[in-house]
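Letters A, B, C and D mark the chains as written, and numbering starts fresh at 1 in each.
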Amino acid sequence: MTGLLDVTDIHKSYGAIRAVDGVSFNVAAGEILGVIGPNGSGKTTLFNTILGQVAPSSGKVLFEGEDITGLPPLRLARRGIGRTFQSLQVFGKLSVRDNLIAAGQEFLDTPARRLFSKPDAGLGQRADEMIALFKLGHVAKLAAGSLSYGQQKLVDIAMAFIPAPRLVLLDEPCAGVNPALIEDLLALLLQLNSQQGGSFIVIEHNMDFIMRLCGRVMCMAQGAILAIGPGEAIRANPAVLEAYLGD
Amino acid sequence: MTGLGKSLRWPVLILAIIALAVLPTSLKSYGVYILTLWAVYVIAGMGLNLTVGYAGQISLGQAAFLGIGAYTAGLMAKLGFSYLLIVPASASICFLVGLGLGFPALRVQHHYLAFATLGFNMLCFLVFRNEEWLTGGTFGMNDIARPVLFGWHFSRAADFYQLTFGITVVLAVLMALLLRSPWGRAFAALRDNPIRAESVGISTTFYTLMAFAIGAAYAGVAGALFAPLVGFIEPASFTVTNSLAMLLMVIVGGQGRFFGPALGAVIVVLLPEWLRFAADWYLAVFGFMIVVMMVWMPGGLLSLADRWKRP
Amino acid sequence: MTDLLQLLLSGVSTGACYALAALGFTLLWQASGTINFALGEMVMLPAFMMLFFLNVASLPLAVAFLLTLVASLLVLGGMFKLLVVDPLIRHGVIPLVIATLGLSIGFKNLTRVAYSAQVFTFPSIFPDRLIDIFGLRVTVAEIGTAVLACGVALGVQFFLNRTLTGRAMQAVAQNRDAARVLGINANRMVMYAFLVNAALAALTALLVTPVYLAKFDMGDTLGTKAFYAAIIGGFNNSRGALLGGVLVGVLENLVGAYISPSYKEGVALLLFLLVIVFMPQGLLGKPEERRV
Amino acid sequence: MIKRRTTLKLATSALAVPALGITGARAADTVKMIDDVELSGPGVTSGSMWKNGVDMAIKEINAGGGILGRQIEVSHQDNQSQAQIAKAVATKAIDDEPYVILGPIFSGDVNVSSAVAETAETPMFMGGEAANLTQQGKKYLFRSSLSQSAAMPKVANYMQKVGIKSVVIVWISNDFGKGGHDTMLKELNARGIKVLADIPTEPGQMDYTSVVVNAVKAGADAIFSYKNEEESARFLIALRKYGYDKPVIGETVLVSQRVIELAGTAANGARGHVGLTVDAPNPLVLAFGAKFKAIYGYASDHNGIKGYTSIYLIKAVTEKLGKFDRKALAAAIHGGSFSAKQYPGLLLDVAFDAAGDLDRESYLVEVRDGKQVITETLPPLGKV
């Protein structure tokens, strides 16, 4: 089956440790796939191999039918794959608005044309829309590094969506975020998914969040896929329960 | 920033530029000379500030570019080229060499990059000194004439100062435009978080090379002015010590702040002159003042403004 | 053949001096990430302290050395860490680099004003004797310096790897937070590194100055060469400093004798640049993890 | 906003301060001299000696009533051994309208400063030794010592006389060494003495083994060594270690008291030509040397004597003229000769040619048992 993203038999070992051990799955256009699993089950390593941070030991990753295995992050970004980070990753000294413009400007024009284009690279309006969407208006002119953890997290997520990527990988979007904000975040992501039509892969420990956001959920344990399917089925799966309880 | 402050910004800046442009008519030749030297260092410092302050790459090789620019200008002046060609040539050669120096920066980061650029500067010094056929070797190049542009001779100290200051202002405006452009934002992104930059499509390779090359080109222009200003160039003016002095300029002024190099150059060029009253002790005082200044305000002098704003 | 051996031998001895100065540099880097541009001045200063005790106070060399050692531990160890490094280290590498640069200018000119810009002789701890081994001529001082330098480098290595304090220091260098969890007083370990560095500086001064002569700017060349040595050998390895120093010393001699005296330094520089670009961890160092 | 205003305020006060310093009033009963000299950077060793010599002479002269009844007021300005700063210092000096400018010593610094002095028609008494400095037709530039172009022929003559047919030149890669090397090469070629190896060394070089190996391998009759003090000493030590037994010949520095002190027994046997030495067999010079050592705690080298005699030369000529007149001063020195008998502070008789080069007697010296021994006194070249 050919989807938006086809991952086939990915292996990644560090010495004797098999961090990812034969993972295959696919993501359809517009789908939101959740990834769960205990700590050390290989979720983040899987992300890193897909995102070009580390090269897989073997296996193949196809995006829109083209082989993107091991491509560096820059090339993946240019092909329309965005991401957020587990730890805080914003441009600390730039304002929130500039963070958002920076996240989108490289997808327009050639470098030479960008040099002579308007300071906001024509992205001002788009950035302002995102700022409104993420309710960041009151901090838009402040340096991103000076914001609270949760606010920076929102900036990070908004940045990933600025260029309207066709696939976004979100690494624990809820971690460290104020519970009051999580509801907002959920609504936001669903809205973005229906508006922009991109596909998401979301790593998250917050079960409730994952179940409400994702159509399908994949559970990993010890580098392999334990189960994949609709959320309710995964929640009821005895192997998944055991993996979590046994952890 | 208050509304009043904002509305005053442009008039104050323009008044200051006019004052700096006409002031030398009331100064004696020493004042004019020191002021011209200051302007030359401001140009080189602006370039270094782009590389270090805005793009976050450490460079300890700016004096080598100043030297390359100065030798290019000296040689071309001897061969009778017009100054209209000399400045772009110095800038372009430095731009290209800067691109070359940017390549190690792609492989190594931070302190290693500092060392690589330091090594580059030392190699340049050896070349300046040893390749006598080209550079005049230890004895350098003497009698470098002041420029003639459109039949106008810039040989008088005040005229040459105004030419230099004019070029400084033009380059400052260009720098401001660059920093306001999407490129400026990309440089800052590269400095703040190169990994995140890559993930949003900002090519660290491209912008790192550009940060080095443009920074070097500024030093090239500074060199092309340095040569006719002093009228003489020798390898001793382009050692690592001078590179360190230029870095000092940028850091003490305030890295990543637009007016940092202008203030930093005041410290490096003029502070030792003011300290001359301390006679023998003046350089020792200068050295320890730098230490105290850094410990007190690691963000540079201009970071004081932030402290006042947010007490 | 004799010439070649002669060149190698004296290169090793000179390199050992570079290595001694480089050792302190790598130590500070490992312990706290400090890049010290006042490296050469930290050897020059103890040399002039000793000269002061010897000539002005007319003390014997051993006493002069001990007093210098104490002064050195206080000023170059404790005060340097507390007054300069501690306030600056959290602001990143550059402000500290600039501050040590200021220190270098300050120390150098202080010495110049206090002690004049002239060159001074310095007593050697080794007898002034020449040994002739099958046509190979070496002085006792050369052999002594090389042996002592190797001994000190290996001693530092032993201290870091085999003693409890040493290992604690390394743990702090590798991961300060983890070390803290293990109950190691990180700050104290870093202080130890600064004290060892200061002691090394005094020892280096004692060994190098008789050969190199005491002058306020003696740190310029010494500092630069030690710097090459530290990078080439490996920033985070004490044996690396030794290898780097010896390589620089020997290379300079070989290039000077057989290739080009005017680019003698150029070749060490080239090696330095190649190492930085292609194996930045140095010849013996461990690669540093890039933080993501 | 504060940011910008602070910058501007600082920048404008930056201009005001040096400008004010320039227009200070001066008392009419003093005569102003400004010393543009290397007090930091690589030239400081020579520069501080020069400064001491200048200070010593001025103190003596002021104590004795000054020049034509006016006290000398000197201001020493460090040029950091960098041409761009030397030019700043010279420019500042000219704004101050001094009677004369003293220094600099390094040729690059002299080059830029003398151009400034020339335009302002202010006499400049420099310590530079490079041959080319006085060959640019400057009217206000004077030497305070024999130039390399006056000293090297004497050394080359000596080599020829003792039958040296081939030589190795070892020189230091700074402007001092390079100048000596270039001049010497010319003189050796003119006399048919072959140069078998030509070896530059680095300032601050630690290990001279490679130099010694190549110098010995060349198999020449002698080594000509032209380096600064500590480098000369290290080289002599390395030569002795290697067991080199042919003559080592130098000029001024190699056989100076300082090098003998630094090199210890390794200096024995070194020979050379000395233009100015505190050990010259001349009561005036010896008295100077003793006094210098008593004041500063170490022996003067030729730079100390250069600074000292420059001041006395200025005094001598000014008093002869009977007025303070820069142009007349410069004109009177050109082609003039001045005897130490008449003006004791000159230490030695001295004569100037039209270019501002001076000529005076000099010595051949050999180091024996750690002492400079003068083997021959050479008369002035007598071209003046």
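What we mean here is this: contacts are C-beta pairs under 8 Å (C-beta built on N, C-alpha and C of every residue); 3 or more make two chains touch, one makes a residue touch a chain.
Model, not experiment: these values are computed from the prediction.
Enquirer: Touching subunit B and subunit C alike: which chains?
Expert: D
Enquirer: Give me the chains shared as neighbours by subunit C and subunit D.
Expert: Intersection of subunit C and subunit D contact lists gives B.
Enquirer: Starting from the Cα centroid of subunit C, hunt down the chain whose centroid lies farthest away.
Expert: The most remote chain is A.
Enquirer: Between A-B and B-D, which chain pair shares more contacting C-beta pairs?
Expert: Top pair by contacting C-beta pairs is B-D.
Enquirer: What chain sits nearest the middle when you go by CA atom centres?
Expert: Chain closest to the assembly's C-alpha mean: B.
Enquirer: How far is the middle of subunit A from the middle of subunit B, if each middle is the mean of its Cα atoms, in Å?
Expert: The mean C-alpha positions of subunit A and subunit B differ by 42 Å.
Enquirer: Could you work out how far the Cα centre of subunit A sits from that of subunit D, in whole Å?
Expert: One centre to the other, that is 73 Å.
Enquirer: Compute the distance, rounded to whole Å, between the mean C-alpha positions of subunit B and subunit D.
Expert: 35
Enquirer: So, what's the distance in Å between the C-alpha centres of subunit C and subunit A?
Expert: Result: the chain centres lie 48 Å from each other.
Enquirer: Got the subunit D residues that touch at least 2 other chains?
Expert: 40, 42, 173
Enquirer: On subunit C, where are the residues touching two or more other chains?
Expert: Within subunit C, the residues that touch at least two other chains are 109, 112, 262, 265, 292.
Enquirer: Counting only residues that touch at least 2 other chains, which ones in subunit B make the list?
Expert: Residues 129-130, 195, 280, 283 of subunit B touch two or more partner chains.
Enquirer: Among line, ring, star, complete and other, which best matches the way these chains touch?
Expert: Shape = other; not a path, cycle, star or full graph.
Enquirer: Which pairs of chains touch each other?
Expert: All touching pairs, sorted by chain label, are A-B, B-C, B-D, C-D.
Enquirer: Flag every residue of subunit A that touches subunit B in the complex, lowest number first.
Expert: Result: residues 51, 72-74, 77-78, 82-83, 85, 89-94, 98, 101-107, 111, 114-117, 119, 121, 145, 159-160, 162-163 of subunit A touch subunit B.
Enquirer: Name, in rising order, each residue of subunit C that touches subunit B in their complex.
Expert: Within the complex, subunit C contacts subunit B at residues 35, 37, 83-84, 87-88, 91, 93-99, 101-110, 112-113, 224, 227, 231, 262-263, 265-266, 269-270, 272-273, 276-278, 280, 290, 292.
Enquirer: Show me the residue ranges of subunit D that touch subunit C in the complex, using the header's touch definition.
Expert: Going by the criterion above, the answer is residues 40, 42, 44-45, 47-49, 173, 199-207, 209-211, 213-214, 217, 229-230, 233-234, 241-243, 258, 261-262, 264, 296-298.
Enquirer: Quick one: which bits of subunit B touch subunit C in the complex? Just the residue numbers, please.
Expert: 52, 58, 104, 107-112, 114-116, 119-120, 122-123, 126, 129-130, 195, 244, 247-248, 251-252, 255, 280-281, 283-284, 286-291, 293-295, 298-299
Enquirer: Under the touch definition given earlier, write down the residues of subunit C that touch subunit D in their complex.
Expert: Going by the criterion above, the answer is residues 3, 6-7, 10-11, 13-14, 17, 109, 112, 116-119, 121, 128, 130, 137, 139, 211-213, 215-218, 220-222, 225, 249, 252-257, 261-262, 264-265.
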